[in-house]
Amino acid sequence: MTTTRLEAFSDGVLAIAITLLVIEIRPPELHQGETLAHALWAQWPSYVAYLVSFLTIGVIWLNHHRVFEQVIRVDGPLLLLNLNLLLWTGLIPFPTAVVAEHLGGAGEAAQTASALYCGVLLMGLSFGALFAWVTHTDRLLGRLPPPGMVRATRRRFMLGLVVYAAALALSWVSAPLALALCGAMALYYAFDQASVPAEREPDDQQPT
Amino acid sequence: MTTTRLEAFSDGVLAIAITLLVIEIRPPELHQGETLAHALWAQWPSYVAYLVSFLTIGVIWLNHHRVFEQVIRVDGPLLLLNLNLLLWTGLIPFPTAVVAEHLGGAGEAAQTASALYCGVLLMGLSFGALFAWVTHTDRLLGRLPPPGMVRATRRRFMLGLVVYAAALALSWVSAPLALALCGAMALYYAFDQASVPAEREPDDQQPT
Amino acid sequence: MTTTRLEAFSDGVLAIAITLLVIEIRPPELHQGETLAHALWAQWPSYVAYLVSFLTIGVIWLNHHRVFEQVIRVDGPLLLLNLNLLLWTGLIPFPTAVVAEHLGGAGEAAQTASALYCGVLLMGLSFGALFAWVTHTDRLLGRLPPPGMVRATRRRFMLGLVVYAAALALSWVSAPLALALCGAMALYYAFDQASVPAEREPDDQQPT
Amino acid sequence: MTTTRLEAFSDGVLAIAITLLVIEIRPPELHQGETLAHALWAQWPSYVAYLVSFLTIGVIWLNHHRVFEQVIRVDGPLLLLNLNLLLWTGLIPFPTAVVAEHLGGAGEAAQTASALYCGVLLMGLSFGALFAWVTHTDRLLGRLPPPGMVRATRRRFMLGLVVYAAALALSWVSAPLALALCGAMALYYAFDQASVPAEREPDDQQPT
């Protein structure tokens, strides 16, 4: 099993999942006498959910890429851990649609929708297990990254675990707040990823 | 016809089919006085169907990859056999949606839905024909795998044929049981695949 | 503009269009007292339309691949001709859905649906224009194929033009017959393509 | 972060977004006594919106490709700017669906739909920011293009900004006219792109 085709397949699934998010935003149905502008405003939870889910899948893709560019061998458990990650990431459009429909409401529906959403994002952290497996020894990596870096990354996964669990709990207090916390977490990860110094790739200097 | 582009196209179709599964899970419509939590629980067949279909397509992708990494030449019949495989795999989201809608019910609808589902998965084994064609002689392979390995793989396809046919028959006894059998088969294949010792790829040690 | 990325993008669009066909096959709604088996049978036009469209897009992909593996330079008109091809191919799921809904009926609806379908497939032959542009001189090809081969291919496009136009006209006589003709044409192209002797690719003998 | 995988992911998202446009064109529902032909004509805004959005995403892909074939290094801000571009481009199917539903109507709904559409296309010009970042210095490029070329491209983005803003304003005068302006702009960009002289790629002359 080459990493190239595993990456290509994973990239495909992640690219499709991130793009499918848009089909959960439906043109609004107009009630009697309602303006379209009003109806579009009224479905703000759809836009918020699109934004947070887009960022989250984007960050999962970034993480996936960073981990797999160091992997030189794929073994059985890694295959299954990767399939598990794709299973949960590929599921994200569903809770996104549920949140989009119920976040604007109140009471049980908004709380349950938000809890479901946070719960699925929490499972997206099954990426942490994949990372732990890959960095356990240098079986799968060309060269194990410095231990300090591995520890820092694990700490970042732990942080995510705590924050998403907190968001899950927060769902029963305020659903919009819980979603905002998820969005803040995705933003934090995105900027954090973006700050990793880029390396000049040797084979990128030739014309492609 | 290079294998590279055939693989890329097949990967694309499989990645899209596996990701499209999610759009069959719809946000539930709430009946008068129903809680969202209850409505979400009530559509458990959707989740089961998503899981089993995801695993099944995942395993088809794994098999596809393993076979084609040894193929060095593509001929006409292989093209058609591959297109046939994609036709049935690409169809999987449809019986998945039918099962999701009717598995929770009883009587004829649940039975028919389950039988349809098992039948389409059975056609997914048309992969066996592709494998038989490829390993018939060494026309298409760089080096024919050891005969023992070929025979073992054919036996595994035979096993699948028997199990999915049994699941199809079981549909009239108990639809959930038939689906569980399909799920168990996919899990078995997944772990079986994952246990194949990975080879260190020569060109994976260079930076990509 | 490299051909590599143009091919990758086109492959992506074609792979998605072929896989999106399945979402036009909806789980049937059961009328009072109807069995699921009966309802599934009743939507046979969906399955026929899926099959014919799948074959057609599959053949377009095969043709696309055969042409572009000889192209070494992409110029402006080729870009636009390719975008035009993708526009019509990407549209195929729409007439497929219309045919699926109305073929089983009778009178004007079945006729119009079939005519729309044949018309869009006819536009898929805008591939012929792309082929003519590419083989006009050797500007874009590494080596122009033998004139006899070019002429044979153009004749095959001409044949398609005539057959699809005939199917379009046939729609007003018998819609199912028109669809059958489209399916026969796709099958003919598929077997025709598959019979082209495959060349052993020099760089396919190395491990990928 | 290699540019190769960033391009592959972006290509995936753009190819999916462009192909998803078709699922917004639904088979029409027939009113009592209405012919299918009439119902198909009546949804002409769907076809216009498909065409304009297809061209627009096609042009974004062309631009994306042209810029990234010169990029040899990806840094954090570029990652975020690219994700931002994909976010807005991936959203295009939504305003396309809104326009398809309301353009044929009159008054507020058609105006709002058109304004939403033009507004999202305007955000697609966030590509300009990405381009500005990439060409600011030669940090990210192998070789900075001639300043005259950079300035010409920036001027072209400026033009787009002005035209889409004008189309946005025009929405309140005539929605179809605003859409036509967007379409004309996409056509202009497409032909403009297509006229860039193609370079003979060194590694495209070897058999692939």
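A, B, C and D are the chain letters, set down in written order, and residue numbers restart from 1 in every chain.
The definition used in the following text is that contacts are C-beta pairs under 8 Å (C-beta built on N, C-alpha and C of every residue); 3 or more make two chains touch, one makes a residue touch a chain.
Treat the numbers as computed from the prediction; the structure is a model and nothing was measured.
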Most distant chain from subunit B by Cα centroid: D
Subunit B on subunit C, rotation in degrees - Cα superposition, rounded to nearest 5: 90
Same-site or different-site touching of subunit C by its copy subunit D, using the half cut: different
Distance from the mean Cα position of subunit D to that of subunit A, given in whole angstrom: 25
Whole-Å gap between the CA centroids of subunit B and subunit D: 35
Contacts with 2+ other chains: residues of subunit C: 2, 4, 8, 12, 16, 20, 23, 69, 201, 208
Sites on subunit C touched by subunit B in the complex: 7-8, 11-12, 14-16, 18-23, 25-27, 30, 35-37, 40, 50-51, 54-55, 58, 61-62, 65-66, 69, 190-191, 193-196, 198, 200-201, 204-205, 207-208
In the complex, subunit A residues that touch subunit B: 1-5, 8-9, 12-13, 16-17, 20, 23, 69, 72-77, 79-80, 83, 86-87, 90-94, 97-98, 101-102, 108-109, 112-113, 116, 142, 201-203
